[in-house]
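Below you will find the structure I want to go over with you.
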Amino acid sequence: MSENSLSIRKFSDLANPTRFLGLAGRVLPWLVGLTVVLFAIGLYLSFTTEGDYQQGETVRIMYVHVPAAWLSMMCYTVMAVSALGTLVWRHPLADVSARAAAPIGASFTFLALVTGSLWGKPMWGTWWVWDARLTSVFVLFLMYLGLIALNRAMDDPGKAAKVSAILILVGFVNIPIIKFSVEWWNTLHQPASVLRLGGSAIDPEFLWPLLVMAVAFTLLFFALHIAAMRNEIWRRRVTSMRRQAARAAGREA
Amino acid sequence: MPISLLVEGLSAKRGEDLIFHDISFVLTAGEALVVTGPNGSGKSTLLRVLAGLLAAQSGRVLLDGISSEIGHPREFCHYLGHRNAMKRELTVEENLSFWKSFMGDSPGGAGIGIEEAAEALGLGGISHLPFGYLSAGQQRRMAMAKLLVAYRPIWLLDEPTAALDASADRLFATLVTRHLGAGGIVVAATHQPLGVEARELRMTGFAGVAGEVGH
Amino acid sequence: MMTHTAYVAASYGTAALTVVALILWVWTDGRARRRELQALEKAGIRRRSAQGGEAQ
Amino acid sequence: MTSLFLRDLKLAMRAGGGALIGVLFFMTVVAVVPFAVGPDLNLLSRIGPAILWIGALLASLLGLDRLFQAEREDGSLDLMLMQETPLVLTVLMKCLAHWTATGLPLVIASPLLGLFMNMKELAIGATMLTLLAGTPAITLIGAAGAAVAVTLPRGGLLVSILVLPLTVPVLIFGVSAAYAAVEDPAPFLPPFLILIAITLFFAVIGPLSAALALRAASD
């Protein structure tokens, strides 16, 4: 009970944007440093470990592709949680978080698509197949872009917050349906894809660099997300101060 | 050579209705004409005909005393309509500098700087704000700053002071007076007194009945 | 296997490009906002909540 | 004149602008096609250029109705009508800005979508080239439709209906040039040159008729 209230207090402490800015200022340098170190280790590992005897050099693409794909999904989850925060708890930072995450999520999804297609070309002989997994990632990408467009279309952040939160949640509920229907759609026309890499269990040889890179990318995401949230808070302050300036100019005259 | 605006036997239709008929007047440099009359009497229509935005049914609008060859008198006119012709998304500065360079100056004068123009309307220091952030009165005043950034000898003003408070009203009156003093011509449609020495054209609002020019 | 190296290089290259672009965007955005805030503060505009916070 | 170009670009980029929407619509429309026709790569690569062209055509009609309507709503159009600069030039400038903000991104995004349609590299390049040459024609002839519908409160759909039939020649020669590049016997250049000629022709009659319509619609 007391533990619960403590956690609630911490949670609402974070709700104060000024306090968030202070915290972000302290956390960011550490986060950035850790990210750089992990990337250095991850990149070293991913280029020194041996290539797969079947896939050759291209297996190294996995070390950026898999983390990017993982982040594309995690970012949407972060946005969905933020959307819940906006609608249910009315947490003032939730909407900032959702708004800041959208471009980052779109970038990582784009990265996952591009690296996936660069991996697919030598492996499958084509840049793109309308395979269930690829297709759902592409749909996810379109959803990110739609959310960014929605955010841009409304200049009042208060109004935009609720509407885009609703859209994010609708999308989140829809993702499993999309995935399911796409899988069903594809297997209807084409035998199950043989183009999955999960055929053989991942060798520890590949596991280590993959893990390190995944953690590094995740930290990168959080660093970017916190920095983007900070930017968004600043942007809103600038907006409110400008409105205030306009009002002040009216009073003087 | 001072310019003058000649209007001869002007009449205009909106759809099938004759709004006004056979209006004639001559305005010489430094003169102002205030067009008054009840709603729907054709004040706005007259201004739009003068601005070349509506074709006249008969009659013509001429400019005298212009040395250069001109296509249409409207090119020497500023038209301040009901709408402000400013983009909410752009800053005041971006709006004004666009109109300044797009409109250019008529021969015989030069527009003033943007910050200077905002200053003249009592709104200095906020031209970096997006236009949409301003209140209705401020927006109207910034739209008036357009009159100053690009030089036109003739100002056509449609209800210019409708959204303004008393002090802004006076400010605008001094601007109009200064424009007249520099040899400009002003035609304004208004309900309120403009606060400027002007002739008056009363529109009766009676289709087909001419207005009378009083003093 | 030669071309495979090219694919690897291309994918790492796009990854680096995307990440750098993202970082640059966040960073320049932050700097522009901070500059705007400073300009507004220099113009003598304070947030009302900030004034309240100092009074406490 | 450049100030008008820059202002319209800025407006498109700013919040609420239409620069992003067009590309997004393009991508969504093209991405939906495989769901309808099935993921058969051979079929997709065969119909790819046509699908890209239809997507680009629909996407460039999007937002065209606001070209003059937004200017009319805030009174800017009145001032543009009054200036010494010929209205035709003003319209042409607005078209160029509109194309740069909405048409050019379509051209840039088209290779990516070409990959999704499993098109050959040559086909992708040819389609991109024809889009680059052909999409300005859509904007230019669309301006005439936008000017005609400027006073209508719900002109958006009407503009599309008015303009789509006029863009048929663009579609015909754009697609046939794109196919000619891939299929050997047909030469690429003749349809492509006709496409360019159509664009140049529309660059004249589009702004001219739009300027006439704007003058006539002014009230």
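Just so it is clear, A, B, C and D label the chains in written order, and each chain counts residues from 1 on its own.
FYI, a residue touches a chain if its C-beta (ideal position, glycine included) is under 8 Å from a C-beta of that chain, and two chains touch if they have at least 3 such contacts.
For each chain, UniProt lists the protein as follows: A = Heme exporter protein C; C = Heme exporter protein D; D = Heme exporter protein B.
Predicted, not measured: the structure shown is a model, and the values here were computed from it.
Look at the CA centroids: the one farthest from the centroid of chain B belongs to A.
Here B-D and A-B were compared by C-beta pairs in contact; the pair with more is B-D. Mean C-alpha positions place chain A and chain D at a centre distance of 33 Å.
Averaged Cα coordinates give chain B a centre that lies 38 Å from the centre of chain D. Averaged Cα coordinates give chain A a centre that lies 54 Å from the centre of chain B. Of all residues in chain D, those touching 2 or more other chains are 15-17, listed in ascending order. Annotation for chain B: residues touching 2 or more other chains are 89, 125. In chain A, the residues that reach two or more other chains under the touch definition are 155, 242, 245. By the definition of touch given earlier, these chain pairs are in contact: A-B, A-C, A-D, B-D.
Those residues of chain D that touch chain B in the shared complex are 1, 3-4, 7, 10-11, 14-17, 73-76, 78-85, 218-219. Those residues of chain D that touch chain A in the shared complex are 15-17, 20-21, 24, 27-28, 31, 34-35, 38-41, 44, 115-116, 118. Residues 155, 242-243, 245-247, 249-250, 253 of chain A are the ones that touch chain B when the two sit in their complex. Against chain D, the residues of chain A that register as touching in their complex are 117, 126-131, 135, 138-139, 142, 145-146, 148-149, 152-155, 185-186, 189-190.
Interface of chain A with chain C (complex): residues 18, 56-58, 60-61, 64-65, 68, 103-104, 107-108, 110-111, 114-115, 118-119, 121-122, 220, 224, 227-228, 230-231, 234-235, 237-238, 240-242, 244-245, 248.
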